[in-house]
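Chain naming follows the written order as A, B, C and D, and within any one chain the residues start at number 1.
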Amino acid sequence: MDRDWELFLLPYTQTVNELKVKLKGIRTSYQLSKQHGPIEFVTGRVKPVNSILLKSRTRNVSLEKLETEMEDLAGIRIMCPFVEDIYDVVTLLKNRHDFKVVQEKDYVTNKKNSGYRSYHLICEYPVQLIDEVKYVLVEIQIRTLAMNFWASIEHSLNYKYQGEFPHEINLRLQKAAESAFQLDEEMSTIREEIKEAQSNFRFKDGKSSFNRNEWKE
Amino acid sequence: MDRDWELFLLPYTQTVNELKVKLKGIRTSYQLSKQHGPIEFVTGRVKPVNSILLKSRTRNVSLEKLETEMEDLAGIRIMCPFVEDIYDVVTLLKNRHDFKVVQEKDYVTNKKNSGYRSYHLICEYPVQLIDEVKYVLVEIQIRTLAMNFWASIEHSLNYKYQGEFPHEINLRLQKAAESAFQLDEEMSTIREEIKEAQSNFRFKDGKSSFNRNEWKE
Amino acid sequence: MDRDWELFLLPYTQTVNELKVKLKGIRTSYQLSKQHGPIEFVTGRVKPVNSILLKSRTRNVSLEKLETEMEDLAGIRIMCPFVEDIYDVVTLLKNRHDFKVVQEKDYVTNKKNSGYRSYHLICEYPVQLIDEVKYVLVEIQIRTLAMNFWASIEHSLNYKYQGEFPHEINLRLQKAAESAFQLDEEMSTIREEIKEAQSNFRFKDGKSSFNRNEWKE
Amino acid sequence: MDRDWELFLLPYTQTVNELKVKLKGIRTSYQLSKQHGPIEFVTGRVKPVNSILLKSRTRNVSLEKLETEMEDLAGIRIMCPFVEDIYDVVTLLKNRHDFKVVQEKDYVTNKKNSGYRSYHLICEYPVQLIDEVKYVLVEIQIRTLAMNFWASIEHSLNYKYQGEFPHEINLRLQKAAESAFQLDEEMSTIREEIKEAQSNFRFKDGKSSFNRNEWKE
């Protein structure tokens, strides 16, 4: 099959670009108002062609049905400071009028056997092309920084072992997952303090106290 | 004093912009070659004017001597996947020919009482202005993601309590610092596996396996 | 009046950011498909506060009514290669489903006395904020590169002379406007050739021939 | 030959990225100080692989000698408001300490037969890689907006006709070149007025009057 992948993926690239701008705008809104911001940073990607081909084979998805059956051609990740923020972000996304949540999976409360934790939303986003509106699926993953770190490590090892981890590696991954979970737990106990600290400071001089956001990529 | 701050800070803004491009280029180099990359992501900031004024008062630094005595007017942060990577980055920075390291503080091996961990380099960077070269100081902080997360939480609380944490808060911060440290330790035990996984994968299809970097801000 | 301008202008900043991403996406679509692209580049700005205050005074617009009566708080400029492209862009914008054109002024066919040429659309754009959708006005100016160049010169002189140009200056501006118009005319005679050249080249190797777009800001 | 082009071109990509940040910084410096800025905007590109292969064949440059004999693998374009600004930019670039001008061609004073006008500098730029400094060649083209517009049109037609323009097309291109030249001439007569207008305005409120630069890509 001699598909022009760049052209095929164009609506997905456009969707990722638009959603990144929209969700970063939400982060900025929180910074400017007197509220704790549940969004730490936002990333996005269009699935690389070799990953699409690989997944189409292993999951038995026909290339003709990619648009409806491969839900993560467009992907967005939202990193939150605290576990509780994840649920705030989910609510916020469900209330938006510019796209529709069509499916959700809560791997935060119900972590996968591997140790993986994240909240997944599959959304339908109307993207305006030159002469038509196209409804594309996009997967939004919401997670803490600790969850994100662990997931990237596991993803990396997955390439080597194709999911069949040796016992030793598996053990280490499990322990790392526990440490990540522990860090999130400890952080949560401080969350109310942080939220108050952020509002207070803002109250005084009209600027957010959370200086992480002065630091820009 | 009626300083034109924007004009005064221009060489620092320029320095931050140039160093971000340079260090992100290093990250890309590792991705393209068959090596584990010690740089996860890079951020930068110019110190906000109100922070400069505050620090000048509390540290008793005269506004006339800011350029030589306030070393973090320009700031760069490099986040590393693993603790060991921090030292690799330090070596790499010391070997560069486009700036000079003039001071270093290893708060990774010797963490602060607060629990703060990071490696700091003060560098002298020659920035080309319209009609002269100016040598400006820039502070480069190198840390893991877990160190960074903890530091941002502590920074945020500092604004509220001005460094005088109540015993209860202090206790929680200490426990969070331990969890962050624990996470880094667990991760380190997997580092060699990860490095091998990354090189192997690269070997097969010429692309880095570490997909975190497909995901862009 | 002690307005928090940054907060007030946030929906306009967000609108400008979203529209820039959307319209640049259109430019990319043309590049990837086998068509002449009518969009050369896209810029945007939120009106600076001092310009808002000045205009509110000279046009007698109450600060309470800025949102409905000052139509260019958010501004987008689309630069086209050829005069004919302007009308194609206007049609394209009117057919979109993500905002509504509420007013249009054709200063291309009916140039202003000053020599100013441009096509203006006032649009109503629904921008999703944290917890509501706000409909904001945005002015989209569509013009050729030559029109844009002349306009920027005239704008610059306007600051000095406040619209009361000395006869000599006025004469030179008129002559420059004629040269800009002449350049657009000459270019138009080549437009069909260019369009064909672009499609042909694309046909051969699947890449756009118009290399201006390889060159990125 | 099975070259890893992405890896080969990496130092050139890095050079283009660094020079864009550096030269845009110069533009910002002019905006902040009370001076007319000779730089309107800056773009850059790394030569696409298919263009490299084509040029290597037509110019008879061996692929082994690309680094020393193909001087535009890295390319930077600087657009100036006025013809006179081109020479100011050339002087400014020659006085910099972070790269060296090794060759120059003044196609502004001595335009090519085709009608092409631009000032070309070949520079040697030291780019710091992971473990070495590499000296790469980069071509910097300096031109007015009108010159740039004409050049992009001619470039586009070149793909179709491979330089062998029909008489009719040639005639139109010549006339367009004359219009572009005429526009630059008219503009130059206003340059002193503009420069004064910009300094004056800046004097009053500390902001540049040249609003073109509020408008960002």
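Basically, contacts are C-beta pairs under 8 Å (C-beta built on N, C-alpha and C of every residue); 3 or more make two chains touch, one makes a residue touch a chain.
Note that the structure is predicted; figures quoted are calculated from it, not measured.
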Considering only chains that satisfy the touch condition with chain B, which of them also satisfy it with chain C?
A, D
Please identify the chain with the largest separation between its CA centroid and the CA centroid of chain B.
C
Roughly how far is chain B from chain D, going centre to centre by Cα mean, in whole Å?
34
Where chain A and chain D are represented by their mean Cα positions, the distance between them in whole Å
40
Just curious, how far off is chain B from chain A if you go by their C-alpha centres, in Å?
24
Mind pulling the residue numbers of chain C that touch at least two other chains?
none
Each pair of chains that touches, named by its two labels
A-B, A-C, B-D, C-D
Which bits of chain B are touching chain A when the two form their complex?
20, 41-45, 48, 50, 75, 77, 81, 145-146, 149, 152-153, 155-157, 159-161, 169, 172-173, 175-176, 178-180, 182-183, 185-187, 189-190, 193-194, 196-198, 200-201, 205, 207, 209-212, 214-217
Complex interface listing, chain D residues touching chain B
4, 6-7, 10, 13-14, 17-18, 21-22, 25-26, 28-30, 32-33, 92, 95-98, 126, 128-131, 133, 206
